[in-house]
Amino acid sequence: MIVNQFLILAAALFALGVYGLLVRRNIVLILLSVELMLNAVNINLVAFESMLNTPEAVGQVFAIFVITVAAAEVGIGLAIVLMIFRNRRSANVDDLNLMRW
Amino acid sequence: MPFEIDYLALAPELIIVGTLILVLVLDLILPRPQKYWTATVAVAGTALALLPLGLLALNDETISMFDGSYVVDDFALVLKGLFLVAAYLVFLMSHHYIESERYYQGEYYFLLLASVLGSLVMASSRDLIVLFIGLELVTGPLFLLAGWRKGDVKSNEASMKYFILGVLSTAILLYGMSLVFGLTGEVSFAGIAAATAGMSDEPALVMAILFMMVGFGFKIAAVPFHFWAPDTYEGAPTPISAYLSVNSKAAGFVAMLIVMYQALPGASDVWAPILWLLAALSMTIGNLSALRQTNIVRLLAYSSVAQAGFMLVPFAAAAVAGADLQQAFGATLIYLVIYAVMNLGAFAVVIAGARKTASGELSRWAGLARVDPILGVLTAVFFFSLAGIPPLAGWFAKFEMFRSVIIADPGTISLAVIAAVNTVIALYYYAKVVKSVWLDDPVGEFPGDAAAAPAGSLRLALGVAVALTVAIGVYPSMAAFVRDAAQVLATGG
Amino acid sequence: MEWLETWGLTITVFLPVAGALLLGFINRDNENALKRTALAVVVLAFAASVAVVAGFEFGGGPYNTYQFEVNQTWIGAINANYHVGVDGISLPLLVLSTFVMTLAVIYSWNHWEEPKNPKAFLILMLILATGLNGTFVALDLVLFFIFFEIVLLPMYFMIGIWGDKTPRDVPGFSKPFETRLYAAIKFFLFTLFGSAFMLLGFLALYFESGDSRFGNTFDIPQLTQLGAEGAFTGDFAFFVFGAMFLGFAVKVPMWPLHTWLPDAHTAAPTVGSVLLAAIMLKLGSYGFIRISLPILPEEAVTWAPFIAILAVIGIIYGSLACLAQTDMKRLIAFSSVGHMGFVMLGIATMTDIGINASIIGMVAHGLITGLLFFLAGSMSHRYHTREMARLGGNIKLMPVMGGIFAFTAMASLGLPGLAGFWGEFMSLVSAYNPLDGLSLGVFRTAMVLGAIGTVLTAGYMLLMLQRVNLGEPSTEWEGHEFHDVDRFELTAWVPLIILIVIIGFYPRVIFDTTTDAVTSLVDMAFGTETTASLPTLARGG
Amino acid sequence: MTFADWISQPVNWVFLAIGLVVLFTGLRVVTAKNVVHAALYLVGALAGTAGLFLLLSAEFVAWVLVLVYIGAVIVLFLFGIMITRAPTGLDEGLDSDNKAWPSLLSVALFVAMGWGSIEAFGTDQVITTGSATSTELLGESLLGRFVVPFEVVSFVLLAALIGGITIARRDLTPIEEEERASV
Amino acid sequence: MSNWLVLAAEEGAVIDAATGGFWADTAGIMLVTPFLAFLAILAIGKRLKHQGGEIAVAALGINLIWATVLFVMNMTGGVLDETTFEVGRLGGDLVFELGWVVDGLSIMMFFLVNFVGLLVFIYALGYMRGDVRVPWFFAAFSLFAGSMLILVGAPNLVQMIIGWEGVGLASYFLIGFYWDDLDNVRAGNKAFLTNRVADIGLILGTVIIGVTLGSFDFSTLAEAAAEHAEALSAVAFTGGLLLFLGAMGKSAQFPFHIWLPDAMAGPTPVSALMHAATMVTAGVYLMARVFPLFQNLAQDTRVWMVAIGAITLFAIGLLALVANDIKRVLAYSTVSQLGYMMTAVAAGGYTAGLFHLFTHAFFKALLFLGAGSVIHAVHSNNMSDMGGLRKPMPTTFWTFVVGSLALAGIFPLAGFWSKDEILATLGFEGYNAVMWIAIAGAFVTAFYMTRAVALTFFGTYKGHGEPHESPRIMTGPLIGLAIPSILFGLLNIPGLSWPGIGNFTEWLGVRVVAMGDHHAEGIDFALAAIGLAAALAGIAVGWLIYGKDHETQEQRDRFKVPALYPLLRRNYYIDDAALGVVGVTAGPLARFVDWTNNYIIDGIVNIVGGLTKALGGLVYNGLDQLGVDGVFNGLSAAADSAGSALRKMQTGRVQQYASGFVAGALILVVLFVFVI
């Protein structure tokens, strides 16, 4: 196995995530897309780790941290979604354009 | 393998941790009317955390822990000082604001303290992972705090925009970091620096640097990663906007400084041009956008974008052969410190003014000085300082900034000229604020309790800010020690 | 007077700002206390400057030696010091500054423009005084820059708050501005635009001096030293000079950077215009003499023809513009463009005579135009209009004021025997024979055009007199009771009149201070002693 | 190495299989017209990722992924979907109408990233020493060198938790607060 | 001032001169008293009986003592002295000095100015009684005299300029004295500005010469000229021409004479002083001061100067023929006489020119004062309102006649001698054509003076009211001036040196450098006769045309006809052949000159003035407000609109922000990875 096969897969996932983030209207779905991106990053890290085999397995540690942070992000994100929903009865980002220029 | 831990070195972080736990506890036991104690505790804690800094500053040997992934040197101390003082001022501003609006107080201070903790950690980080976690801790709570005015849809929107763009930037940043790791097999800056020595022509590295820069660029709201700033500043509670525009921006800069000068000094010929571009864009677009703002907070938002541009200028000099890296580094740092002081002052003025005018619209601020000359004077001081007019602190920041790029090199000179032109543009809208406060005739009565003086804490904040602004302006040597701190780090470069 | 040696200048400079602080503690309703304190402060500052004159050793030493020198570390990090001192060139301007400031305070005693608020106004004036005095004595580029900029803020507020409130349309903008606002912003932006580049120039010098024996320095004497040794040359110096040129030229103001001036003068309150015309404009030309010329002599020579051309354009252009004015104050404002044109022409020749001309020209212009603005202010104070079409026969309604007005106008058109003459005449003299190596063609053409300019000057001044002073008063003033000059106005004006006459007939009072310094300056910077003259024809006997 | 050599290794078949699954599910996550489905597709994608981690002999990370995500996060998501009453059925209005720009951007991004990594790593091999990375090693580095971030990240979670609750919870009316106080 | 004497001795043309002792050393008082008077009158004039007039008179009285003493000393011994104070050193060896020089030339002028001035002042006491702003009048009048004295005493060009402009200023005040009427103000402006234009010449000339010599002193200039210093000769032509330009302005030489007629707007005493002793003579005086320059170096310029002078003396003289305003007649005659002086000096007739200046001062002052007294009586300047005044105003009449004859150059009055001298010089210097023009000029002069006398004093009175002789205080000065007008010609009879006092030429001779100009050894009787004949012819013709008075309107219009109604006039001349000759020659010519004067030259001035103002408007409204200023406004407006354009980016839609975000990142990637 070469490392690039993982990297390219990760790149693809990341791109998909970006696409989702740009296209999705529903905030929850946007969060999902973000998860895809972070996941891509994880793939990168782990792949690199097993390519380099660092003494302290830094890559994997990094991946674990990313996963944790991602979880926290989700929590925060959903909380915000709920708050907005409570005020606006909608989880649609397009409705959020009160403030401009 | 066990690590020996220097607790004095960690004291500031530990004190903050203690404070935020104490705040939580107090929040649970205190009945609502007494909850303002949490604020007091937070302020006290922050002040207390400044003490060990002093002690550490006295002995200037560098303390390095955990395989050098966590370092306490002068540079770190200066920044921690900056973060703590800024936080201290923000707390002072928040106190009355939060209490009077019946927001959740305990949680508010808890989250803010957490964010402060993050910034402290980041200042000492010499390692991608620590840096990343630190940044997350700085930002995470802010996503929530931006939406603290739960009832107000604008506030919701603010936090939502901030959050979505925040996570996007985090993802990109992480991707960049992963590439760096992959290329070097290291996460410690020292290691990376060693490994990337001759690698500057490696496209993947360039890409990695770019992606990381996107992450930092978001934090410091540099064009084109600035879109969130105006909306968020406007929607968020004003003290949070202040915090965003100072601490979180500073955090971003610190990250950038460390990574660029510590981890990637070898690749300066890669990142210097990029930052040249970002600087030029941020200055120009930020200023031009600010020209048309009618809402004073949005105006400050764009101004902070432009100011970020000015702070980026010195980076561009780093690539030039024979450039004085310490000088460039110190310039950014000094600018950061001075900017923090005067920008916080400006926001404090906004809070105080908003109480009188009950509006953030500049038009409603017209003639404010008639009813409150002191506030008028303060407005003049802070905004002219931001404009960089002597003898207010701002001039020295600009001065240092120019000083770092006046090198015999077309690239930097051209940037200097761009900066000079922008200084004048910026002048226009800063003067516009002062103008409407002093020169315009009031439109009707001031709805807010025009008589009400700013709350004691806010007055204290204003006092500190104005004192520092004038003092540094008249005797800039005060701020010069920052340069010595800068040397520690920049010698790596 | 050891004490005076060390503290004289510092007191002159910082006493006013201290006074400003003091005023801050006086209740704004207690007008008399405010005025008396302010007056006391400015008088003391003036006294201090006079003491400096008394202690000044005239005709002393080669150029670049300063008296009453103080040199203390200020911003150690960038090697910028609190370095002040005077020589024959700065001394007259310093005294002029403190002197006019005193008169301005006296005048404003009972002339408060709307909205009154004497407290704020006086405080601003005092801060302004510090800025102005400081600029003339600063011997460190950073210090110079600071003082140079300090001047902005008070003036900005003076114009903006007490200025002319009539709205006016501005090309390019949809809604009309109030004149004061437009003028204030414009003044502010123009000046800062210039000084931003000036700062760049200073910094460039700082770095270029890096490998000199002084190390990186902002110190004017040291830089002058280096400049004389030819340390700054080539494209670098060329651009540096250009940058500083922008900064100074805006302040002077030189065509085509002058357009802030008419608006600012017209909009500003009387005292504001007076200080603006009498002192602030001098900062620019002083900067040329003190900084640009000695530090970058070669570039100065390169730029000289360019400066001369702009100066002459300014002369002709300003005068022509004056002819078209209907607003008295605006006319006077434009006349400044012309007069400063002569000053710059003198400087451009790079000769001792030329620079002498510029200095005495500055002083004269300060006194005369200052007085003119006083008068214009007092008149519009009484008539509530500055439209010359509505005035006329003023001398019939107010003989004394009309008389003084006529006198000042005559002085302003460069009548020999009054202060204004020497500046114009001498800059023509110097333009006939500029520094060796400068294009005679350019400068002699400049001389002729300048001479024609004097005619135009006479033209519009007479036109103004005719419209304002002479003829029958227009019927709209029938029944109005005009009180002629009051005692505050007289106390403020008479000293100016006397000085104008004295300098007119006995210019030595200026020359004895300046000539040696100027000659040595030219000698040091350009290595030539004087304009070409025929030793064979030295007077016999 | 040619594609033939590459494909000749059986492990790569496995990779190919999992990879395709991941890609497909990932695509569906961002295209599915039904919110719940999207969430479930994410499960698939993550599971696939875990598989890849196993291929890379990073078992610990794989299991963490499974536990944290599929165990917690997805549930969290579903809750979120339920609470916000996002239309659980088909919903055409899920995506914004303008898809051209986003697709262009993401494709470009993919190309850039892919090109970059190919340039950088060419055919570097992934060395897998059969045996999985020992959890002990991870533990040591987590609690050793990386103890600071380890501690700090807990504050991130704590902040997210408390802040999330505060933000998301329904505010009490003043009256309710009175009752709350009286009790 | 030893060097002066040394040099003078070398030239050997000068009798050894005393330094003048006390009187020369204190001569500066003359330069100061008028200014003290000026201040004193402004201060306390109102409260005095004559409203300050007495102060002015006193001042000039004191001056006259010094002037007379010096004059006499110069007659007997010759006085040569210079006193200067340094008022400023410019670096280099250029020095500004103020002071006074006492030599033949300046003494002559001192005497002239103070003597004539005093008489005019006294006259003015009566003339101005009851007029408006009398104190201001006398103040300005003193200023006028004072400035002239400064000019006269000037030891260097700079002080000359000071006095020069001072005179201009005073004339501005006095011409615009009745400033309630803006026309008078405009007249004042015109005078001042016209002079100012010419002054460019003076100033630039001063600059060029001063810088070249390294000194502004006349003495240095004279020495340099005497030594034919090459540096000086290099600039001599330019410098000389420029100085002459200045002189043309003050001395109202063609085409700068335009301001003079308008200058009549002031009170008559002003005109008297202005035309006789001060203002207009300054130009000639300047030429005399720098004479060595033209004598030795700037010969090329002299041709021009002579030409200008010739044109002036004849063409402007013709104008006097058609003027109706008596003061204008005199004004034009002054110009024409100045033409004589200028021509003479230019031709090298230094003494001749100055002698004419000297004599002319007396009778021209006399004529003006006479005219003033007439105007005082009939309250009109127009001769068409006068006539037959010889009976009610005998003194005025006789003195006026004396003045006229002197001006016309009738033997043995002053004018005859000086004019003859000029003719002689012209002949000697070989300017024969010019000489004949001058003779023709003499004819014209006599002609218009006769016309003036006839229309004013003969025939019947056509004005209103009952004219009376003026008071003693006015007639006194008339007599006081009539005497020198008769006698002073004898002071310089060619070849005759009065025992003990010598003659005018010798007095003038006391100079730095002897002028070496031609001074006839004896009278050229032929030439004298021709000159005299021309004058007499002029009188005769004049008398023929205007002598008899015609009652009916159209008949009285007769003398206007040549000027106004060509057709009428031609018819009229048909039935009077003798006069027809003159009519067809003088008439059209006069009209032509008049026309050019009004339309060409004046027109040019007006056009230039108008253009300048228009240009001003253009520059201001066009360039300044739109152009230069517009750039600024344009810029800020541009920045403004740029700002609003950027606002469009801030759509408030988070996903567009995000795309901007990603796009930004991508662009950076493309830029820095692929491009760079």
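Assorted remarks:
The chains carry the letters A, B, C, D and E, assigned in the order they are written, with residues numbered from 1 in each.
The rule we apply is simple: contacts are C-beta pairs under 8 Å (C-beta built on N, C-alpha and C of every residue); 3 or more make two chains touch, one makes a residue touch a chain.
If you're wondering where the values come from, they're calculated on a predicted model, not measured in any experiment.
Looking at the partners of chain A and chain C together, the chains they share are B, E. Looking at chain D and chain E, the chains in contact with each of them are A, B. Central chain assignment: C. Criterion: smallest distance from chain C-alpha mean to the mean of all protein C-alpha atoms. With centres taken as mean Cα positions, chain D sits 71 Å from chain C. Inter-chain spacing, taken between the CA centroids of chain B and chain C, is 42 Å.
Spacing of chain A relative to chain E, judged by their CA centroids, is 98 angstrom. Per-chain CA centroids place chain B at a distance of 31 Å from chain D.
The set of chain C residues that touch two or more partner chains comprises 189. Annotation for chain E: residues touching 2 or more other chains are 636, 640, 647, 650, 652, 654-655, 658-659, 662-663, 665, 669, 673. Looking at chain D, residues 96, 101-102, 105-106, 109, 112-113, 116-117, 121, 140, 144-146, 149, 153, 156, 159-160, 163-164, 167 sit in touch with two or more other chains. Chains touching one another, given as pairs, are A-B, A-D, A-E, B-C, B-D, B-E, C-E, D-E. Interface residues of chain A facing chain E in the complex, by the touch rule stated above, are 18, 21-23, 93-94, 96-101. Here chain D touches chain E in the complex through residues 96, 101-102, 105-106, 108-109, 112, 116, going by the rule given at the top.
Per the touch definition, chain B reaches chain D in the complex via residues 1, 3, 17, 24, 31-32, 66-67, 69-70, 104, 107, 110-111, 114-115, 117-118, 121, 129-130, 132-134, 136-137, 140-141, 144-145, 147-148, 150-151, 159, 175, 179, 182-183, 202-205, 207. Within the complex, the chain D residues that touch chain A are 1, 6, 9, 11-12, 15, 19, 22-23, 26-27, 29-30, 35, 38-39, 42, 45-46, 49, 52-53, 55-58, 60-61, 64-65, 68-69, 72-73, 76-77, 79-81, 83-86, 93-96, 99, 101-103, 105-107, 109-110, 113-114, 117-118, 121-129, 133, 137-138, 140-142, 144-146, 149, 153, 156-157, 159-161, 163-165, 167-168, 170. Contact residues on chain E toward chain A in their complex (touch as defined above): 647-648, 650-655, 658-659, 662.
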